[in-house]
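The following pair of complexes shares a single chain, subunit A, combined with subunit B in the former and subunit C in the latter.
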Partner chain A sequence: MNTLLSLADNLSKFWSYTGFFNAEIGHIVMILIGLVFIYLAIKKEYEPLLLIPIGFGILIGNIPFNEAANLQVGIYEEGSVFNILYQGVVKGWYPPLIFLGIGAMTDFSALIANPKLILIGAAAQFGIFGAYIIALQMGFAPNEAGAIGIIGGADGPTAIFLTSKLAPHLLGAVAISAYSYMALVPVIQPPFMRMLTTPKERVIKMKTPRVVSQTEKIMFPIMGLLMTAFLVPSGLALLGMLFFGNLLKESGVTRRLAETARGPLVDTITILLGLTVGASTQATTFLRVESVKIFAIGALSFVIATCTGILFVKLMNLFLKKGDKINPLVGNAGVSAVPDAARISQTTGLEYDPSNYLLMHAMGPNVAGVIGSAVAAGIMLGFLY
Partner chain B sequence: MTPTVEKTLLIAGIGMVGIFVFMTLFYLLIIALDRFLPYQEERATEELSEDSITDEEE
Partner chain C sequence: MRYIKQLLFLFIAVVLFTACSSEIKSTDWVINEVMVVNETNFVDDFGQRNGWIEIYNTTAKTQDLGGRYLTNDPDNPTKYAIPRGDVLTSIKPHQHALFFADEMPFNGTFHLNFKLDPTQENYIALYDNDGKTLLDEMVIPAGIAADQTYGFAQDGVKHNEKGNIIATTLKRVTPSSNNAVLEENPKIKALAESDPWGGMLTITSMLVVFGGLILLFLAFRLSGSIAKSMTQKKVAQSGTLSAARSHSHLSGEVLAAISAAINELKEDQHDIESTILTINQVKRNFSPWSTKRQSLRELPR
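Moving on to the complex of A and B:
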């Protein structure tokens, strides 16, 4: 009899440790959200390299368990494996490593060949500051508004970096929002591109970019680093690593390092970043009205960034000579979703003129957007940290 | 206008102006790179050296 009682007691204890016993409606909702991310990544191929780790991370982070049992499995339990991996997000050292990889895979030739395109990358940052103003008006504290505003830069690592510094409690919502809208760039941008341009503007053919010398390509990251370091030191972590990665690529003598930076290193960090950001989005911190507001502001910030980029090109065209005019369809690429935004310029342009290839031209504002959003993050950090 | 709104607009204004100043300096940097390290000269030099090698071989 005693054995039976002991067995029943043990079974009851075991049951109290299971996910089935500890599950709440919030866990189920979050697991469904994680499954939607995985579905979108596999079926629709929306940013699969990010959405699969994030989606699976959401599943991991929302497995219910008995927190009182001190199992050390949760991401917020000090000393757990996921908690240790999460430190790269909390302390903000994953995003600069991602920027190292981005630098090692980015070709700045399009920007160097036509430097006026860099100003489009600046104009698109209105999305960040527009969202910042809206967030403040919706009742968020200034540091939270800064973190939410950066979603408009369309740059996941920058958003995570800034949020980890300014408002770590919003990390999950901001990161998920930023990556979701980056994945939805092909859906969000084209309607506004069509709305803000005339049929005549859409078929503007831009001049073939000049050839860029290797010396220019090598000097660009060095000069860029020095300018960043002296002007916006708070952006050094991101831009310093971006330019370092680019020098590894362009120097021609560090091919192995460049290949590691843009290959295995960036892949490893992407896995860790995606998984831990996903796991940090737990029902108690994520399923709140604030998250809905953040998603709404995030969508608005993308729209503002797209529109200001296009409108700025139209403004520039008023002052440019006939042969130098810029096709406003590259204005959307001022956001730093590389190369997705540039591809959208290309596909939308081809709809109106099958012989007008805008990809190379759109890459200029696109890489300028990466620099612009990192500078904006540095400015926000300088004011709000 | 409340102090919060004023501060918000100030940060947003300074932020945007700051980005444009930064990007304009970048623009000038690239123009300077093109001016002092032009592609044409580099290619011309390469062509010259190639020609001289060919000449020497001949």
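Moving on to the complex of A and C:
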């Protein structure tokens, strides 16, 4: 009899450690969100390289367990495996490594050939500051508003980097929001692109960009670093790594290093970043009213960035000669979701003129957006950190 | 001439940006807080109460105070040599070291060989390892009350906006800790008060973003123009079809059509293949860093 009682007692204790016993409705909601991410990644192929790790990370982060038992499994429990991997997010050293890879895989030729496209990348940063103003009005503190605003930069690593410094408690919500909307760029942008352009503007054919010499390509990262980092030293971590990666690519003598940076290194960091950001969305810390507000502001910031990019192109066209006019459909690419935003310019342009290929032109503002959002993050850091 | 003008504009822009950033540089070490008479305050590790001097590391890196000199005598800069090799003199970023002015140097690294005199003005200075370079100095006026300290309200901030030294009698005694207790980020607090709508920050930031990217735009427009003219010169000198194009200003499509027609004509006429067979060795340049073969080693047998 005693043995049976002891067995029952042990089983009862064990039951109290299981996820079934500790589960709350919040965990179930988050697990469902994680499954939606995985579904979107596999079925719709929306940013699968990001959504799969994040979606699975959400599942990992929301497995309920007895926190009082000090099992050291949770991402917020100091010394646990996930906590150690999460330090790259908390301390902000994953995003610069991702930028190194982005630099090593990005061809800035379109930008160098037609440098006026850089300005579109600057205009799209209105999304960041528009969202900052909205977040302030919704009751967030300036540092929190800055972290939320950066979602409008459409740049996941930058958003994570800045939020880890300005408002670490919002990291999960900001990161998930940024990556979700980056994945949903094909859904968010086209209606506003059509709304803000006339049929005549949509079929503007742009000049074929000139061929860019190797010397110019090598000069770009060096000059780019010196000019932007001298202006905004607080953005050095991101800008430095971005331009360094690009020099590895363009120098022509460090092929192995460039391949590592844009291949195995960036893949490894993407896996760790996505998984740990996903796992950081534990229901207890993530399911709050603030998260809903952040999602709403994030959507608005993408809309503002898209609209300001397009409107700025229209403004530029007022001052450009007839043959030099820019198709406003590349304005949306000022947000730095590379290369999705540029791809949307291409597909939308082809809808109205099947012979009008805008991809190479849209890549200019697209990569300028990466630089612009890193500069904007540096400014935010300077003012709010 | 146009290039020179653009270059000049860029240079002026860079100089202006650089000039705007000049301001008073702070030193790496600051004599931050001093207590001359200690009656009921901080007790040292021997249970004694003495005057003390707090030194603050103003930098974002860990620095070693070992080997530097503290003195209360302007004519003797090397009066007390802070011992080298003590791990405790390695001061973390924005942290403090506390020295007791008890005239008991054999009590340990942080016990000085001089005392502070409450009846007169006290001069304190910190010298670099060479005993000549002055790192920081402070004059504590006579008459500071017992258990009160003299120093800077904000750690390491010595000057106000006009460049005047702002040392004063402090409201709180804070040995080895921050003189100002930061309950919230002052930058954020000030911004929330001065710019509640965020409009000014937005305008400022967008100006900077546009400024930075306009600089890039100008730089690449300039370098692009130079590159284009250099390429045109090279092509013109080469005497090739491209040179003809650059002279005739025919479009690429027209030239492609002409080239295709000429090629077709030649194809119809020729009876000898243009392929060249060679026994010359094809050179491939490689370095040990770019080839796997060079980095493979034989396995030991």
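What to note about this one:
Basically, the second predicted complex is superposed on the first by the 385 of 385 C-alpha atoms of A that agree within 3 Å, B and C clash if a C-alpha of one lies under 4 Å from a C-alpha of the other, contacts with A are read in each partner's own complex, and residues count from 1 in each chain.
Going forward, a residue touches a chain if its C-beta (ideal position, glycine included) is under 8 Å from a C-beta of that chain, and two chains touch if they have at least 3 such contacts.
Keep in mind that this is a model prediction, so the values were computed, not measured.
Taken together through their common subunit A, the two structures put subunit B and subunit C in a clash.
Touch criterion not met for A:225: it reaches neither subunit B nor subunit C.
When the shared chain is aligned, no partner comes close enough to touch A:174: not subunit B, not subunit C. In the superposition on chain A, A:256 contacts subunit C only, with no contact to subunit B. In the superposition on chain A, A:116 makes contact with both subunit B and subunit C. By the touch criterion defined above, A:210 reaches both subunit B and subunit C.
Of the two partner chains placed by the overlay, only subunit C lies in contact with A:143; subunit B stays clear of it.
Note on the superposed arrangement: subunit B collides with the subunit C stretch 201-209, while the other options among 3-11, 111-119, 201-209 or 273-281 stay free of clashes. Applying the stated touch rule to the two superposed structures, the overlap between the subunit B and subunit C interfaces on subunit A comprises residues 111-112, 115-116, 118-119, 121-122, 125-126, 128-130, 132-133, 136-137, 142, 145, 210, 212-213, 215-216, 219-220, 223-224, 227, 231-232, 368, 371-372, 375-376, 379-380, 383-384.
Residues of subunit A touching subunit C in their complex: 111-113, 115-116, 118-119, 121-122, 125-126, 128-130, 132-133, 136-137, 141-143, 145, 210, 212-213, 215-216, 219-220, 223-224, 227-228, 230-232, 255-256, 368, 371-372, 375-376, 379-380, 383-385. Interface of subunit B with subunit A (complex): residues 4-5, 7-9, 11-12, 14-16, 18-20, 22-27, 29-31, 33-34, 37-39, 42-43. Subunit C makes touch with subunit A in their complex at residues 14, 17-18, 185, 187-188, 191-192, 196-199, 201-202, 204-206, 208-217, 219-221, 223-224, 227-228, 231, 289-290. Touching subunit B in their complex are the following residues of subunit A: 111-112, 115-116, 118-119, 121-122, 125-126, 128-130, 132-133, 136-137, 142, 145, 210-216, 219-220, 223-224, 227, 231-232, 368, 371-372, 375-376, 379-380, 383-384.
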